[in-house]
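Shared chain: chain A. Partners: chain B in the first complex, chain C in the second.
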Partner chain A sequence: MDNIKPRVKVPKSASAGEVITIKTLINHPMESGLRKGKDGKLIPRQIINKFTCEFNGKPVFSCELEPAISANPYIEFSAKVNEAGTFKFSWLDDDGSVYETENKIAIK
Partner chain B sequence: MRNQIIAKAAAVAMTALVPGIAFAGGPVDDELVIDGEIQMITRAAPPEGHPLDEVLSGWLYRTEETRLLETDTFENPGMLEVQDGADLWNTVDGSAGKSCASCHGDAEESMAGVGASFPKWDEASNRPINVELQINKCRTEEMGAEAYKFDAPEQKALTAYVKHQSLGTPVAIDLAEGHMQSWWEKGNELYYTRTGQLNLSCASCHEQNNGNYIRADHLSQGNVNGFPTYRLKQASLVSLHNRFRGCIRDTRAEFPAAFSDELMALEVYVTWRGTGLSVETPAVRQ
Partner chain C sequence: MNLTRRQMLCASVGAAAAGVFGFSLSASAAPEATAESIKNFAGGKEPAMGGDLTLTTPEIAENGNTVPIEVSVASPMTDDDYVESVVIYAEGNPNPDVAVFHFTPMSGAAEAKTRMRLAKTQNVVAVAKTSKGQVFMDKKEVKVTIGGCGG
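Coming up: the complex of A and B.
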């Protein structure tokens, strides 16, 4: 889909070993595939089906999303930071698109 | 044993039906601070001639989870559309080759506090004008672009972006401008006029029964300081005139067109009723 803008909120820096909170939000209709349009036909399912977060190439958090999740999914989780590096976030769409964004974090 | 349980259940049900106990839907005693910085006014002293003792934001009537969503501009899903509005602000459209920014520059400066004083009197059209209509006026007269149709996603996003620049500013409209006073009076009359098969006026719910339940939800005072509002039910921004029409439809009446004289008069009057409350755009409601 076009015009999908993922947003993430990660602290700019953390102490080594600190547990930080990461917030993510993405604009997406999360069409469940169960609704009918004005013509009475089913609107095809189109959702984000998987979310992953990696830190310096290692998995931190991932989850599968199901049709019952409402539009604009908001995902919040925590992570322990031992070293400076880059968080990489990706959202996988039913149509095969992948929406990605990155955030760097420094050690205090 | 079984009878005892039934008797107990009946007693619980009776307690729940007694009005005025903690079961009723607010308003709660809570403070709205956005991003830990902006202290919002959710309780205000009413302007002269106001029928209620205290003006309360609809935020106070929502559940804790919904209230929390509004305290963080990152978590507030309405901000996604406000961001779209920011993009539109800088996008050139129309035959004059202008964007909003071409004339108004940085919205954070030029639009600060502006949304809190709408609707305003518009001399040219000889009627009150709201932010949506002001945007359309700029588009047709200055930009050579087409007016946005009612509730076009661009209209909602840009309106929300403009009003968001007044986040925290108390609502204050000037009734001394032009004929605003006579529109206020017309709006006042509409507010107390019962309509529809259910024979309800705005006041039946929002003045006489705010805090009570209706349709498995609790009624607020119906103040409009948070519009366009993100409604979790629609999962998008909802404009004020859409909400007006929704309310009137729920009384099972025929509803007037958006931006019609009736609804503009109602906007003037209802905005005045929320005088002193902070602009919350985009507010988050159920």
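Coming up: the complex of A and C.
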């Protein structure tokens, strides 16, 4: 799908060993597959079914989403930062697309 | 058509409610289905109620389309003792599965927040599994207000 823009909030820097909070939001209709359109037919399901977060290539957090997650899925979680590096976030769509974004973090 | 501001408001609230309502009209999952899923997730273990797991939900959700929820598990989150996953179920939704959060020792804290859909007033259940095989459960009732127009 077009016009999908992931947004992520990560602190610019953290002290070594600090546990930081990461907030993510992506605009997506999360069509549940249970709603009917104007023509009375079911609108096919299309949701983000998986979200993952990696830090320097190592998994930090991941999440499997079902149609019961609201449109524009918002996910907030924590991560422990031991070294400077890059967070990589990916969202997997039912149609096979992958939306990705990256954020760097420095050590104070 | 010449709508007054009040009519316009009611119409739009009604439309929003219809969205939630359409969701609730389809067959809803019985609590048994949730119990069955919990059994599979826990690997046959009986989950301990409460314990280190806290599920935070609003008592009353005005809009069933976006209900903020939060789970947190008190855990040292070290390499040999951490929370592996937390699963969320909504007993009264057409499909009780909501989300599964997977944590690692790199997560630092087993906490997550998101927003979910609720078809009607029902129980929301969270079950956590630790790397040591402990299973915790927490349950909260959320009242969902459907319909609008000053009702």
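Some points to look at:
The rule we apply is simple: the second predicted complex is superposed on the first by the 108 of 108 C-alpha atoms of A that agree within 3 Å, B and C clash if a C-alpha of one lies under 4 Å from a C-alpha of the other, contacts with A are read in each partner's own complex, and residues count from 1 in each chain.
Quick note on the criterion: a residue touches a chain if its C-beta (ideal position, glycine included) is under 8 Å from a C-beta of that chain, and two chains touch if they have at least 3 such contacts.
Just so we're clear, the structure is a prediction, and the values are computed from it rather than from any experiment.
In the superposed model, A:A84 lies in contact with neither chain B nor chain C. In the superposition on chain A, contact of A:A71 is made with both chain B and chain C.
In the superposed model, C is the one of chain B and chain C that contacts more residues of chain A.
In the superposed pair of complexes, A:F61 makes contact with chain C only, with no contact to chain B. By the document's definition of touching, neither partner reaches A:I107: not chain B, not chain C. By the document's definition of touching, of the two partners only chain B reaches A:K5; chain C does not. Applying the stated contact rule after C-alpha superposition, one finds that A:K36 touches chain C and leaves chain B untouched. On chain A, the patch touched by chain B and the patch touched by chain C overlap at residues 70-71, 74.
Those residues of chain B that touch chain A in the complex are listed here as 74-75, 77, 80, 83, 232, 235-236. Note for the complex: chain A touches chain C at residues 19-20, 32, 34-36, 55, 58-71, 73-80. By the touch criterion given at the top, residues 19, 22-23, 26, 65-67, 77, 90, 93-95, 97-109, 111-118 of chain C touch chain A in their complex.
On the chain A side of its complex with chain B, the touching residues are 5, 7, 9, 23, 25, 27, 70-72, 74.
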